[in-house]
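Labels for the chains are A, B, C and D, by order of writing; each one numbers its residues from 1.
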Amino acid sequence: MDNILSVLVFFPAIAGMLGFVVNKDSARVYGITVAAIEFFLSLWLWFAFDGHNPGMQFVEMIPMIPDFGVSYYLGVDGISLFIILMTTLMTLIGIMSMSVTENVKNMVITLLFLEMTMVGVFVSLDAIIFYLFWELSLVPMLYIIGAWGGTLRVYAAIKFFLYTFMGSLIMLVGMLFVAYIYHDLTGVWSFALTDWYALVLPVNYQLWLFAAFFIGFAIKVPMFPFHTWLPYAHGQAPTIGSVILAAVLLKMGTYGFVRFSLPMFPDASVIAITPIAMISIIMIIYTAMVAYAQKDMKQVVAYSSVSHMGIIMLGIFAMNAEGIGGSVFQMLSHGIVSGALFMLVGVIYDRRHTKMMDEFGGLASIMPKYAVIFGIMLMASVGLPLTIGFVGEFLVLIGFYQVSPIMTILAGSSIILGAVYMLSVYKKSFFGPVTKDENKTLKDLDIKETVSLVPLVLIVIWLGVYPKPILEPIDNSVKAMLSFMDEKAITQEAKDMIQVAKSTKEMK
Amino acid sequence: MIGLSHYLIVSALIFSIGLVGVLRRRNLLMLFFATEVMLNAVNIAFAAISHYYNDLTGQMFAFFVIAIAASEVAVGLGILIVLYKKQGSLDLDELTTMKG
Amino acid sequence: MESLVYIALFAPFVSSLFAALFGMSPRKTFVGAIASLLLFVSLSASMMLAYHVYQTGESVHITMMDWIHMGDLYIPFGFNVDQVSVTMMNVVTLVSTVVHIYSIGYMDHDKSFNRFFSYLSAFVFSMMVLVMSDNFAGLFIGWEGVGVCSWLLIGFWYHKPDLTREENPSISPSWAANEAFIMNRIADLGMLIGLFIIYWNVGSLQYDAVFAAIPHLTDVILSTAAIALFIGAMGKSAQFPLHTWLTDAMEGPTPVSALIHAATMVTAGVFLVIRVHPLFSVTPEVSYFIAALGTFVAFFAASMALVNRDLKRIIAFSTLSQLGYMFAAAGLGAYWIALFHLAAHAFFKALLFLGAGNVMHAMHDELDIFKMGGLKKSMKATYIYMGLASLALAGIPPLAGFFSKDAIIETAFNEGTLILWVMLVVTAGMTAFYSFRQVFLTFEGDERYKEFGIHPHEMYKFVLVAMSPLAILAVIAGFFRESFNAFVTHLLPGYEMSEHTHHLALILGAIVFAFAVGGILLAYKKYAKGLKRSEKVENSFIYRLLANQYYIPNLYEEFISKPYAMISEMMWKGVDLKIVDTTVDGIAKFLYRSGDGTRKMQTGNLSNYLNWMAIGGVLLLVVAMISAMIG
Amino acid sequence: MLEPIKVSLESLNLITLAPMLIAIAGGLIILCIDLIKENLDKSLYVMLTVLVLFTDFISVMGLNVNERGFFDVMLIDGVSIISQLLIVAGSMLFIPLGLTSRRFHEYEYPEFFALFLFMIAGFQFMAASDNLILIFVGIETASLALYTLIALHNRSDSYEAAVKYFTMGALAAAFYAMGSAVIYALTGSVELYQVAEVLSSRLDEAGLMIAVFGSSVLLLSAFAFKLSLFPFHTWAPDVYQGATAPLAGYMSVVPKIAAFVVSIRLFGMYIELGVEWVRIIILVIAVLTMTLANIMALVQEDVKRMLAYSSISHAGFVVAALALDTTDGNTSIFLYYALFMFTNLGAFAMLWISRHKQRRFDDRYDNPYEKFAGLINIMPVGAVIMALFMLSLAGVPPFSVFWGKIYVMQAAVNAGYVWLAIVMGLNSAIAAYYYLKLVVYMFLKEPVKSVDVVYYNLSKPLMAIIGFATVATVTAIFYVQPLISYLYYMISASGY
């Protein structure tokens, strides 16, 4: 099936459209079924994927607006493949664990549309199609936050939408400028990424364009100081919204850096290493501290997301296979772990309708299963070896060490500070005596919650112990990208900074 | 010798008078007159320039302006009448229900 | 042999999983029994491997599977059973088997019995990974794994509430657990950095590759790598200034203290230094620093043990102190001696802790030795065990501690580091004093516990039997010093005393012995007849300083924890909400307000509109003029 | 002695006049029918008008590119053809909205339809000539008809709107006439191609420059009024509010297309001549217009007024493309309006679907945001469609306006005005707020209870038009390609 990517993108959307007909009592089952089929389709994609081929696979290209260079151009490589898998997985698990009771049908349909846009972002190889899905993904999320959120939901939803929208419009200008340059040089309009990769731009152009793309991606990531929409969005969003937001939507930003910024502007990226590393370190340390100060469990997880995204950003700008590959892996890891953590917070929120930590205490005695799963996810979040969280973090840090030992030490403080806020959450909520009477009668995880959380636990451990099947394709694609960047870079500094893996060099 | 520039200056003056009228008048009817004054200033200019170039186009334009001014007045007065019926006044300052 | 390696490694893992299956069900004795059995299997396999290594003199090396492969980084799950690791494996599995059996009795009444075994076996598994790994990353897995298990086990009684520092110096089990984890993490960062340095300069994390590359590396790199790795070791082995967690870790159940915080995990730092000896032996400055720090900690910890009233804390301080000895030896280059002391210490310290566990059990979890006394009547066996262990600890010949500790002190003399030697000798005396202060206060003198209405009783028989291997080893281990030396120096550099030292060996030994006996006698004089408290002494500055651990925990609290919490709060409320977010919202609000301002031009009055048009015309003219002039 | 004028019919090339004549004839026929028989149903007139417009459309399609006719005052180039097509198409979208299920009495008058057709003829004259006189006639024909159409709504607001529009229009007309007079004084011609020739030869004369200043400023003022650019836009919100919703939507698109054609011809000429500051003024106005209109739209309480400001902002957006004076830029103007037309007309038509008997939410407004609160519960499909229009207006891909936006922005980038593209981007972000506000009201708020008598106006034609607009909005991605290629071809063929 050569057009599996189109199927992956549009299957949920078509299913979502048909979902309007489905009776609202059956909507949930319908959603789970569709998401499961989508997930199996993405698994199929994985099986059909050739892990040794670092290039784009399952490429589809249909010219849409040839006069303007826009085409429907899809493809996956090792970098995007697993993010797609994670997207479908988290959507499936999100729908499974969903505790929304009002307007379930609307929620399911919205989620399915959201899934389309998310998958679309990761498979697009045409800048405009990418942008299209990128922007479109805001709409369902706006609705999810706005319709099922907390008291400040409208504020949070609008803030989320406008902030990211603003950033991406600047990015759009950048895209248009690249297209213009491409047209100038070749006389052909094209927004195809693979065409753009071939552009060798002068450094000052690269810098400006890098900045334009940076704004779009940085707000999405979200990088300090553009992160303030995130706590609100997470704070107000329903559990499912937070899960998807943290697991997938944030990854769009970092994915954008890998897909666009690095290969298109290698010299600018190298110049940007230090500033971005500084911001990342601020993100890592500062948000870890802010997370520690939170009283609301969900806000802790929200700020911890920012902190972890800092690690991912750092790895991307390590300019070596270890760092970038680690970042890609960390995207998956953070997606699964933070998604699970948000689900876990949702579990207790469903029972107690509060997320304030001082309302809890001693939950480990009352809800042991819950405590165990929370504990595992917590450990994965703080990067315990043999959990998924370690692999990415370790690779990122080892990768960035080559760039700057001092900065790595600063960034490495995340393993300390992460432990500080995470353990303090765990202590405040799960340890100690049960002080509140309301908590004494809480029920442990029910079947629905167990069924949705246990697979995540298994994945967390599986990929912590044996990440090879995932690392290998990532490794191949990242290596190929790096050697491409190295060839393309025009300044000597950039060539020096971009580390082509030895194995790639030997092959040549 | 009265040359083109004199005519143009007169035209400009009248145009300015009309403009000031448009800006200062509070009565709609007066305002309409002021716009007519402006259009007529244009007519003077056209006639003079036309004569200067010895070209009929300007005069043609002037005729069109006159015609259009006439129809404008017709439509304008029509609207004014219904407005007056509805509001009982032609004062500009009372015409401020829609704002902001 | 491969299968033996896997059995030794995975038997504890299976045990852990098995116990975890019953983690949420009520107490089941067979869980403990099966766990102990599996541990025994692991022990047997380890012993067979030891025999094999001893026989052939070759190490067993296996690679199970790939773990991480990215870029040029390649990390497999590889295991290497050589003289050093097999020693550690045996120590670990032996002590853990005993502790497992012991726990069946000790945790008898705890409702989380099954869960306890799951954690305990998981710990053993992590520890095995740590010692068996053939690369730094594998070591780090184990390193973090034991950290987590330690966290779980210290916080085992998580339901206890937080108390003030006056009521309970460790605040609560969960607090102590977090403290331990976080402090270890600080050190782990150092260790990670060490790994990074090694990777980027060697290109591999395999021990053999790294050791082979050491001659090609510059001194700076080697030193930084050594320092970074040692920082890691400092955390795990609770060296100053990361030592406070160890005494607080006594909040965990006593078997845990015996296994993790005395015999095995805390010695991982020493193990690391021994394991990476090719690196440390080429960085003399770092090694010397290690020795000096070790000596300092030995003394420093012993001083705090002098006045402490908490049974377990005293032992914890003594552990700290002995770890200092081990580092002193390792830092001075006597790696095999360090390893030997590590093993010997494991036996008698575990024994001591388990004895303390018996006492606790008898005293209904009372730990204040001032409230005990005269327990020897009801707890004879325990008294013997603890007495033996204390003698070993004090370094009385012919018990194990004598041979190992004496060798370390001798090394310090041999290296010409007299200050270290003096401190270590003095510490030996202090060790003897506090050990016997504790023994006498617990078992001799008047029965102070009666005031509190406690009826002590001896521990279960099988528990006492289970403890016997440790007791035997604590007695006889010392005799194997030379054969041990021969065994491990296949791998580790040998360490021979110089001629000069050799001559003085007897005198040196006598001095140490004198200090030890002196300490015991002093303790006997002061405490054997019962507790005599002196207000004056207890109120003296030194006493209070020692009793409060030099106020270091308070210092950390005041200057690290509280400011961190404060700054965090400020970052959130002051910076994040007030500055960053307000700026963002400010921009939005500014736009909105300017909208309100601008719409005022829309007065609704036609006259104004017409004026706007005229103004617009003028405006256009002005802009045109300006741009024409500029352009 | 005057020589007898000999004119051959062929040289007149009357076919160029055919579209306007058809419209005018249609108007007259409607009037005649009314004379013959009174009280005919409005459906007859609507259908007749559609028929006339359709014929008009066909006749425009039949025109050849780059012809002149009727004493060379008619200019049929690519721009005039596409603009006429857009004008007629927009009108065809609008007029079926007259078939309301409720009685809105202006549609009962046959004069309404006759005026409407005359107005279209006026627009077509504007688009199809480069003669200042004919343009003037076109402007006034269209405007006078439009004033009347607004006033026909017969509510006090609409009279006020008509008066405001009329008075300001009269002033603008005076500006235009004076501007033309200055040009005529400068060059002795009112034919733009001759004007351009004369000007280019005399541009170095110092005195001439001042006159060029005068003429361009006067003409710009006039067209800034027509295009509702800051600070000449003040009429627009009030007039849109006073007019019926569909008419407001119509006004925000069709008259502007006609005005843009003239602007391209006029100001394009100046820019071509190298009068750089005309470009600068236009850019300044464009930036001011899109920004100020946007921030004023932020604070509106009424959806219709918000849409009015948003239309102003969009106009500012497009005017920036005018300043570029490149083929891309000019293409983007028409592309933008072609795509904007469906969405905006649709959005305004959505306001038309219901009306409360009293202004129950607000004394001043017919369509306050509260009216739409919780629309998703009351009228789910309507809410979704309205949301689609809003998202499209906000420039969310893949809806129609997005393609217009990126084409305009691309044109700006191509012309080297990256900063302009950034300003456009930021403005789109600001604009997103007020569009979202409506979406938020519709989807995320509870409906305001106790609704009094509501006149639902969901007639089939209305639904059909809205449906058509929705489809056009959503599927834009599929027809943008032929649209661009056609527009680009036509515009480059006419040399802009």
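Basically, a contact is a pair of C-beta atoms (placed from the backbone, for glycine too) under 8 Å apart; a residue touches a chain by one contact, two chains touch by 3 or more.
Quick caveat, the model's predicted, so the values are computed rather than measured.
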Taking each chain's centre as the mean of its C-alpha atoms, which one ends up farthest from the centre of chain A? B
C-D versus B-D: which interface comes out with more C-beta contact pairs? B-D
Take the average of all CA coordinates in chain C, do the same for chain D, and state the distance between these two points in whole angstrom. 78
Between the Cα centroids of chain B and chain D the separation in whole angstrom comes to 25
How many angstrom lie between the centres of chain A and chain B, each centre taken as the mean Cα position? 65
Quick one: chain B and chain C, Cα centre-to-centre, how many Å? 96
Chain B, residues touching no fewer than two other chains: 19, 22, 31, 95, 97-100
Residues of chain C whose C-beta touches two or more other chains: 588, 599, 602, 604, 606, 610
Two or more partner chains touched - positions in chain A: 162
Taking all chains into account, which pairs touch? A-C, A-D, B-C, B-D, C-D
Which residues of chain B touch chain D in their complex? 4, 8, 11, 15, 18-19, 22, 28, 31-32, 35, 38-39, 41-42, 45-46, 49-50, 52-53, 55, 57-58, 60-61, 64-65, 68, 71-72, 75-76, 78-80, 82-83, 86-87, 95, 97-100
Chain C partner contacts - residues on chain B that touch it in the complex: 19, 22-23, 25-26, 31, 92-93, 95-100
Considering the complex alone, what residue numbers of chain C touch chain B? 599, 602-607, 610-611, 614
Any idea which chain D residues touch chain A in the complex? 391, 394-398, 402-403, 406-407, 409-410, 413-414, 418, 421-422, 424-426, 428-429, 432-433, 436-437, 439-440, 443-444, 477-478, 480-481, 484-485, 488
Residue ranges of chain C in contact with chain A within the complex: 23-24, 65-73, 137, 140-141, 144-145, 148, 151, 155, 158-162, 172-175, 178, 181-182, 185-186, 188-189, 192-193, 195-197, 199-200, 203, 564-565, 567-569, 571-573, 575-576, 580-581, 583-584, 588
